[in-house]
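Next come two complexes, and both contain chain A; in the first it sits with chain B, in the second with chain C.
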Partner chain A sequence: MIRNTKRETLIAYILIAPFVAIYALIFVYPTIDMFRMSFTDSPLIVMPNGQPPEFVGLENYTRLASDRRFDTAFWNTAYFVLLTVIPGTIVALGIALGISRLSGRLQALVLALFFLPYILPVSVVYRVWDWTLNFQFGIAMHVFDMIGIDRVPVFKVTGWFMPAVALVTIWWTAGFSILLFLAGIRAIPQEIYEAASLDNATRWTTFRRVTWPLLWPVTALVLTIQLILQLKIFDQVYLFSTGGRPNDNLVLVYYVFQRAFQNDHGGRAAAIAVVLFLIVIVVSVLNFQLMRLAEKKQ
Partner chain B sequence: MNKFVALAAGAMMATAAQAQETVVWWDFLGGGDGVRMKQLISEFNEAHEGEIAIDATTLEWGVPFYTKVQTSVAVGEAPDVMTYHASRIPLAVQQGVLDEITPADWEAMGFGEEDFAPAIWNAVTGPDGKTYGVPLDTHPIVLYYNKDILGAAGQLDENGLPIGLGSGEDFTAMLQALADSGEVTFPLGSVTADGNFMFRTIYSLMGQQGGELMTDGEFLAGDNAEKLTNALTVLQDWTNAGLQSTYTDYPATVALFTSGEAAMMINGVWEVPTMTDLHADGKLFEWGAVELPMIFDQPATYSDSHVFAIPAGSSQDPEKRAAVLEVMSSILQESLFWATAGHIPAYNAVTNSDEFKMMEPNATYSSLTANMIYDPQSPLAGVAGPMFDVMSTYFVPVLNGEMDPAEAVEEIAYELNDL
Partner chain C sequence: MNADTAKRFNAAGAAITVFTVFCAVVWAFPIYWGIVSSLKPEDEVVRPYIELWPENLTFQHYWFALTETQIGRWYINSIATAVGTTILTIVTSLFAGYAISQLRFPGRQPLYWLILASFMVPTQTLIINHFVLIADMGLLNTWAGIILPQLISPVVIIVYKQFFDQVPKDFREAAVMDNATEFGVLFKIYIPMNWGVTTALSIVTFIWSWNAFLWPFLAVTKTEMMTITVGITQVTDAFGVYYARQLASAVLAGFPVALAYLLFQRRVTQAITLSAGIKG
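So, the complex of A and B:
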């Protein structure tokens, strides 16, 4: 049968057209508009009866250099990524290795327990941890009292805030990474382990020489997903710092929100969003290249 | 024949329905006051059956509400009338979100400048001298106190009012006496974990020294910085002496007071329904609420107002406009009932009525309307505004004794002027 490639291409185009149209409308167009807006002094929403925004060149970008809140937001985001990406991945890997040793119903039960937090909405996560760590009424504080340590206002002190939010985030999101790791572990052929045990390999050697290298593609995937996700951190920080010390706990997306929705500075908010966009791209590309390098080495 | 009658009846009903004007209403009243507003609305709808019907929606308070209003005005889907905070009017005028309440509108409603306290009228007046809101109430902060505990500690006068309200020393002495009595964990329940909330108290204490946050577009100019430092120092001293709760957020503060662990609490009048309802159920001690103590030279209390506002571009049709004006004026006339939510009605005719003067605890604290101060008139001010966030960030460490007040004020001045 002779295939009509022209016709097939046409059908392919028609089939992807709805997706491309929606993608262009709700992603490509707003992104381009964000770049344009970042060079103007536009408010968040330009009123039909209001003045049209004016172009201000690079001003929104140059002023970021001396902007204290941007500085805080930038370093807090970096700190948060440091606290969550690699530790979160290690925790998930450890739990996944443990679960893989269990079997049957018990395995399903334990997996479900670890996965449960992941299905909670962030507002519930916030409530749960606020009940636990609230300075006046949190249950953890009563435990502190019992064992005689001083109460700690965890979410109200700058030193504790980011580590605590990082811990909550790892607790909340580890379930998904565990699932990915488990799938990876199950894909490793059992014969390799049998061969290793015939060679009298210790547990540690087996892990280092068999599990770790064969699991590397999954680890790389988990790291990349975590990295992008944590760079965009907003919800937890926003919820845990409302009313507290918001400007000390700023992260980049939070700062975009403040500029856009509280100060009504659409242009300046767009500039920060563009910077974040570029950071995410650069970091992801770097991350990807590093992973490839690591893979080649192995 | 029957069919014909039914058709005719249907046609008649249709014209009746057309004559009825539907007023789309948005508010952000989600608490005990929301319940009372719903009752006012349903009473209005009953009284105006066939003429005007209010179609009300309650939305999330704060930034979500104000963002939604802004978006809806931009696309022409705004409601006919909405509630607004007076403190947000300067920003709203800059954004072009509000329609002017014209002199003709005021005349149609039968109100004018003389019907409201000067501070309130000033707060609804935009930078251009036009008015942008119809004030419904004023909701200041007050001092709640536990009569049982204060009485036992000998801190009540013969009228059942706290004795230490005259000066900073008196008030601190009263707090100390309560601490010494050993009856309570905290003499004063303070929202020390929420600088946003504490802005109200701290701004009041600045006002008690005649201080202003913003003069000629500059924040904390001249000796205003020193006055803010003084206010913060007083509060920090209470923390250092163990006289107020530390790192306590809003719900926890209310819980400390209602459970009797804190003898007093500075909070908004909107918590009055909480106390009234608990007391009616027999779950609360005897309590009272009074104007803030005079810590410095003159009485002053922070307040804000709920106002009615018309979104830009809405209610332009004369009949619709008339209906909206009727809604606003009727609710204002009925605002005695609104006072059961703790608020002080803005309309003087209501506050001057004998019924209001009998109403407790409102009547006890309504004297403060003479000493009210409002937010500075700036697009940066207002509930959930950027100014709040700057302040909050430094108030929390200061109030809990982590940071020196003078150092905090320096940082606040820098950041506010940097906004």
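So, the complex of A and C:
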């Protein structure tokens, strides 16, 4: 077939024009602008009659080294990743294995029950858990009483805050990982299990020798998606911090928000944003390379 | 396998099944508890013992939220911005996905890299410069201002590209023989053949946009321009420290997306697995 190249190019440009225009405006330009701003002492919004921001070189970056709030934000983010990524993946895998044994309507119902939280807005999740874990009237406090721990206002006490938010986050986002695991489990050929049962393999052996290795690619995918997602945490931490101790609970995005929107330090906030930007990019690229390596090995 | 081990296996299997169902009920319980609490009078809500069903069922908190607060206005804002985001995302991604999949043109490869790059870039880090940009454009506190930064959605393009790649070339060639234009091919073959994907992607884009918090929270300072997800957490004085009222407002905020999920369960799960790069 003869292709009319000129015409094809023209049509292609018409088709991609809206997309390119939008990406140039809200993706490429803001990214460049963020880097530029991070080398200045700009406030969030430069007033037309105010002083134009000055170039300050690497100052915004060097001062992060001795910035206590940055320290808190960085380590809290790391702590949060530790509390959510692997535990959340294990929980989701367990649930997916349980669901995969069910069938028909029961399976659909059980999956819906586990999946429903994922579909809800964060503010609904916040309201529901703020109520469930309410210090005075929360139903979870009855569980505390039963186990015999003293009631705690979990979102107001620093030591409890991150684990509690991590728990809520796992509850909220597990549905997504469960779906991926279920797709992975369905892709395992049934014959392998039949062969395993002919060999009198126990449940545990079957899991360790068959399910786990065959699910590894999906597990790796879930772990990466979770890792990148949790590095960018903000919403839950912000919401549960209201009326609590935000400065103890800072995470990186929260600190960007605080610097930019509460302290009006645009330049310094941009520097923090760049740091997070680079962390996420490095993690993504590393992961991409690892996946490629793994594929080559196979 | 002898009969004895088979029996043991089944007993253990049944135990696992029961345990799974039990966990599912516990898992969803906080949602149930939130809904039930929103149907109790305030004095019942704060009773020191557990009541799984209201003694005096009441809709007064819903009535209050709908008539005494700006929730109706927030609903309109949420619907307008979520629908706007969905239509713009789907249309621009569908066109771009088609061009990348089916057409050869200079700049195709850089375009593809741009899309892959936007996968990796955390949009949360762009909030400062999004805010400056939208403020410069005079779009703070407007629907357009809420919508614009939400249009970075590379997943949708990639999914479209994959599906368009799979349409057999014969269809295209036959149409071209019949003198169909490029747009004709797109609108008469490629789009109709992929309605399923379009529906699935539209539903999840709508849900994601409805649920968006960080950007709508920053882009709006006037209470009457808030989306419902932001409004119910920011305007607490509208509800006071009335737990049942707060929960009723939360139920109202979550209801549309929960309903969308329950109605289109298969489409939603399909789109979400696709978005992670797994063929569902």
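Things to note:
The rule is short, and it goes like this: the second predicted complex is superposed on the first by the 258 of 298 C-alpha atoms of A that agree within 3 Å, B and C clash if a C-alpha of one lies under 4 Å from a C-alpha of the other, contacts with A are read in each partner's own complex, and residues count from 1 in each chain.
Here is the rule we go by: a residue touches a chain if its C-beta (ideal position, glycine included) is under 8 Å from a C-beta of that chain, and two chains touch if they have at least 3 such contacts.
Predicted model only: the values in this text are computed from it and were never measured.
When the shared chain is aligned, chain B and chain C each come close enough to touch A:Phe261. When the two structures are aligned on the shared chain, A:Ile139 is found in touch with chain C, with no touch to chain B. When the two complexes are overlaid on their common chain A, residue A:Val157 makes contact with chain B while staying clear of chain C. In the superposition on chain A, A:Arg101 makes contact with chain C only, not with chain B.
With both structures placed on the common chain, the touch criterion links A:Met291 to neither chain B nor chain C.
Applying the stated contact rule after C-alpha superposition, one finds that A:Ile192 touches neither chain B nor chain C. Judged by the touch definition given at the top, the superposed model places A:Arg68 against chain B, while chain C stays out of reach. Touch criterion met: A:Leu44 reaches chain B and chain C at once.
Counting the residues of chain A that each partner touches, chain B and chain C differ, and the larger count belongs to C.
Common to the chain B and chain C contact sets on chain A are residues 44-45, 134, 136-137, 242, 261.
Within the complex formed with chain C, the chain A residues making contact are 1, 3, 5, 7-9, 11-13, 15-16, 18-20, 22-23, 25-31, 33-34, 37, 44-45, 95, 98-99, 101-102, 106, 108-110, 112-117, 119-124, 126-129, 131-132, 134, 136-137, 139, 142, 171, 176, 179-180, 183-184, 197-198, 200, 203, 218, 221, 225, 228, 231-232, 234-235, 239, 242, 253, 256-257, 260-261, 266, 269-270, 273-274, 276-277, 280-281, 284-285.
For chain A in complex with chain B, the residues that touch the partner chain are 43-50, 68-69, 134-137, 153, 156-157, 242-248, 258, 261-264. Listed in rising order, the residues of chain B touching chain A in the complex are 63, 67, 70-71, 73-74, 76, 91, 94-97, 193-197, 245-250, 252, 255-256, 312-313, 379-380, 384-386, 389-390, 392-393, 396-397, 400, 402, 415, 418-419.
Those residues of chain C that touch chain A in the complex are listed here as 1, 5, 9, 12-13, 16-17, 19-21, 23-25, 27-28, 30-31, 33-34, 37, 45-46, 48, 50, 88, 91-93, 95-96, 98-100, 103-106, 108, 111, 114, 118-122, 124-133, 135, 148-149, 151-152, 157, 173, 176, 182-183, 207, 210-211, 213-214, 218, 229-230, 232-233, 243, 246-247, 249-251, 253-254, 257-258, 260-262, 265, 268-269, 272-273, 276-278, 280.
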